[in-house]
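First chain A sits with chain B, and in the next complex the same chain sits with chain C.
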Partner chain A sequence: MIKVMSPGLQTTVQDNGRIGYYEVGMPPSGAMDKYSLTVGNLLVGNDENAAALEITYMGPVLQFQEDAIIALTGGEIPPKINGQPVPMWETLSVKAGDELSFDFVKQGARVYLAVAGGIDVPLIMGSRSTYTLCGIGGLEGRPLEQGDELNIGNQSKHQVPVGTRVQSEFIPSFSKVNEIRVIVGLCSYRLTEESKQRFFSIDWTVTTEANRVGYRFKGERLNFVEREQPFGAGSNPSNVVDLGYPIGSIQVPDGVEPIALLNDAVTGGGYATVGTIISTDLDKMAQIKTNEKVRFVAVDIEEALQARKENKQKIEKLKQQLFQL
Partner chain B sequence: MLTRYEYGGDEFIFVELSESMSLEVNFQAMAITKKLREEKVKGLLDICPSNASYMVRFNPEDIHPDELISKLKELEQTVSVDDFEITSRMVDVPILFDDPWTNEALMRFRDRHQDPTSTDLEYAARINGFGSKEELIKAITDYPYLVSMIGFVPGLPWCYQMVPQEKQIEVPKYVRPRTYTPERAFGFGGAFAVIYPVQGAGGYQLFGTAAAPIYQKEQSLHDFKDSITFPRQGDIFRYRSITMEEFQSIQQQVEDGTFRYLTREITFTPKQVLEDPKAFSDDVLGRLYV
Partner chain C sequence: MTGAAKKVLSPIPGVFYRKPSPDKDVYVKEGDAVKEGDVIGLVEVMKNFYEIKAEAAGVLEKFLVNEEDVLDAGQEIAVIVAES
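And now, the complex of A and B:
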């Protein structure tokens, strides 16, 4: 069992997400940075979909009530065991009574704590991920609170030797200026040609509204092509007849501030969507903080599929190194 | 207008059948997605019919997006709404209009509304040419709605009234969205009626509160045994105006765990609806309340 001494800013149980319920309006939830979740699970020998803790900006203080094998991956929020710094991206052993805490965030935004066996919470619609808006999944459908106790599950597949380390080529680097690849499309026909170009040529600043639901950006106003609004759409030029929103899609309500929808987002609505962040770069998006800059880069579908393939190959290569298969 | 086939990143395809809403286009989206579901295409994770469009999520390791688009284009050519039969439910949905909870909420956000000096019901009645809010409520409740899309949050039904376009009620969304909407609020935006399943943000005009839940995570009520969400795309909802007394009695049944929606199964064709919406509506109401 793991006891929560202090919960941190927002710590939730997440796995790879709740897939297959989009049509009833259920977003996938799940780890925002799936690459880091996967590497964490590999380092502790878990099933890749085992649930871990997603830690945001400010870490929790956790006391282990039993011996455990753990790994910390993701953004750099320096971890300590009993006050002594310990490395991230490495298989660690903790003893009953040990306390895990964190320093202030240095880079990135989210850390994943994987525990050999996984975090044991009930499966809801095929997933252990927390979806706070509706209060389902994870621990009672909410972020962790002081005094909570987490059980460790049995989703362990291999024994990984303590001290196993991920080589630096597999550790993402973080920056305050980020390029995020986007496939333009969906209702991008609504934007003027000039606004479409501006969207890809300015640095957007992440506002304070940046969470699991989505990220809102400040930059400049974008303009829509003038038209008589179609029946049922609503009167604002950014309105369309309510439609489905892909995960990673970007909308610009009233042309004012673009919003990128992420893991816990609404699944549909009445704003024109103008493009979608490619799945590979959602991991990167998850590690960007308020006030950091984002430059959107237009790519085509083949580039997006290539990036996806390279990401999968990277994980395969890492598995071979870790397990010498 | 030509249908738009768009990549939604590398995991989604979005298909916009029309820019404007109509019963015809919603039936078309329903027919195509139903056929797609039956074909069990490898790699498809989600099939989401929406109002005048639809969206699919897929695994690009199983199917290349361009191959999927070809498949969807083929369906657009071959699927016809003429020989399409829908089997769904007619549902009686009791609403307390002009209720204290949405009134409290809408008064708090007057500065975000088109007309800060009247209520959402008064405003909507006026811009739709009704003499009073009672006349608007009558128009809302006289004819049933097709549940044309589910989403936003789990279980939220977009409902499109089954009347000719000239009789459709249309209202703008709030100038700036509210940060608070009470649970089970009955709202209207564009040409759509909705019920908000859970408390949260929202931009639709607020007219009332549904007496019974449409989302129940505990799944203790009969209607939620199989799913935490109640509405299904293709359902026919009849919104019925109720008194505070009936509202409280339904609330009591919900608490006791004895509440069940009044529902009846119906099989119909788009043609029946499109050719004579009035006759179809009368038939629905007649059969629902036998």
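And now, the complex of A and C:
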């Protein structure tokens, strides 16, 4: 059992997400940075879909009530066991009574704490992920609170030796200025040519409204092409007839501030979506903090699929390295 | 005699506020004495308000950021001079 001494800013239980219910309006939730979740689970020998803790901006203080094997991946929020710094991206052993805490965030935004066996919470619609807006999944459908107790599950597949370390080529680097690849559409035709170009040529600043639901950006006003309001669409020029919103889709309500919809977002609505972040770059998006900058880069579907393929190959290569040890 | 000056840092990025709400007074004025654990401001991010507390007793000598500034994680917020 793991006891929550202090919860951090927003710490939730997440796995790979509640897949398959999008058409009924249920977003997948799940780890925002799936690459880091996967590597964490590999380092502790778990099933890749085992649930871990997603820690945002500020770490919790956790006391282990039993011996455990853990790994910390993701952004750099330096971890400490009993006050002593410990490495991230490495298989660690903790003893009953040990306390895990964190320093201030240095880079990135989210850290994943994987525990051998996984965090044991009930499966809701096939997933252990917390969806706070609906209050389902994870621990009682909410972020962790002081005094909570988390059980460790039995989703362990391999024994990974303590001290196993991910090589640097598999550790993402972080920056305060980020390029995020986007596929243009589905409703980019609503923007003027000039605004379409501006969207891809300025640095957008992440506002404080940046969480698991979506990230809102500040930059400059974008303009829409004049048109006659279609039947079924709202009156604002940024409205279209309702459509499904892909995860990572970017809308610009009233042309004021673009919003990228993420894991816990509404699944459809009536704002023109001008582009969609490619799935591989959602991991990178998850590690961008308030006040950091994003430049959107247009790519085509082939490039997006190639990036996804390379990401999968990277994980396969890492598995080979880890399990040859 | 003045004691050691200690900087108060923001552990998180977000918008800084010195008041508990727009129509209230500031938590602490420059030059006021603070006790350990006193709230000196708030940082808002992800619709959460995180309380910034004095880590030691002393006099809050100076704020290094303004009301509604957007802070980076680790940014210095204020200087507290320990009582001697």
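Definition applied: the second predicted complex is superposed on the first by the 324 of 325 C-alpha atoms of A that agree within 3 Å, B and C clash if a C-alpha of one lies under 4 Å from a C-alpha of the other, contacts with A are read in each partner's own complex, and residues count from 1 in each chain.
Methods note: a contact is a pair of C-beta atoms (placed from the backbone, for glycine too) under 8 Å apart; a residue touches a chain by one contact, two chains touch by 3 or more.
Not measured: the values here are computed from a predicted model.
Chemist: Based on the superposed arrangement, let me know which partner A:T290 touches: chain B (first), chain C (second), both, or neither?
Modeler: second
Chemist: Under the stated touch criterion, which partner chain does A:E209 make contact with: chain B (first), chain C (second), both, or neither?
Modeler: second
Chemist: Is A:D120 in contact with chain B, with chain C, with both, or with neither (first, second, both, neither)?
Modeler: neither
Chemist: Is A:E76 touching the first partner chain B, the second partner chain C, both, or neither of them?
Modeler: So A:E76 meets neither chain B nor chain C here.
Chemist: Does the superposition put A:E90 against chain B (first), chain C (second), both, or neither?
Modeler: In the superposition, A:E90 contacts neither chain B nor chain C.
Chemist: Identify which of chain B and chain C touches the larger number of residues of chain A.
Modeler: Comparing touch counts on chain A for chain B and chain C gives B.
Chemist: Touch check for A:E99: first (chain B), second (chain C), both, or neither?
Modeler: neither
Chemist: What is the contact status of A:E48 with respect to chain B (first) and chain C (second): first, second, both, or neither?
Modeler: So A:E48 meets neither chain B nor chain C here.
Chemist: Within their complex, state which residues of chain A touch chain B.
Modeler: By the definition above, chain A touches chain B via 19-26, 133-136, 141, 183, 185-187, 189, 230-236, 239-244, 246-249, 266-270, 273, 276-280, 301, 304-305, 308, 312.
Chemist: Quick one: which bits of chain A touch chain C in the complex? Just the residue numbers, please.
Modeler: Chain A residues touching chain C: 9-10, 56-58, 104-106, 208-211, 289-291.
Chemist: Okay, in this complex, where on chain B does chain A touch?
Modeler: Going by the criterion above, the answer is residues 4, 6-12, 14, 16, 18-22, 45-55, 57, 60-61, 64-66, 149-156, 158, 160, 165, 168, 170, 172-173, 189-192, 198, 200, 215, 217, 227-229, 233.
Chemist: What part of chain C is in contact with chain A in the complex they form?
Modeler: On the chain C side, the touching residues are 9, 11-15, 44-48, 50, 70-74.
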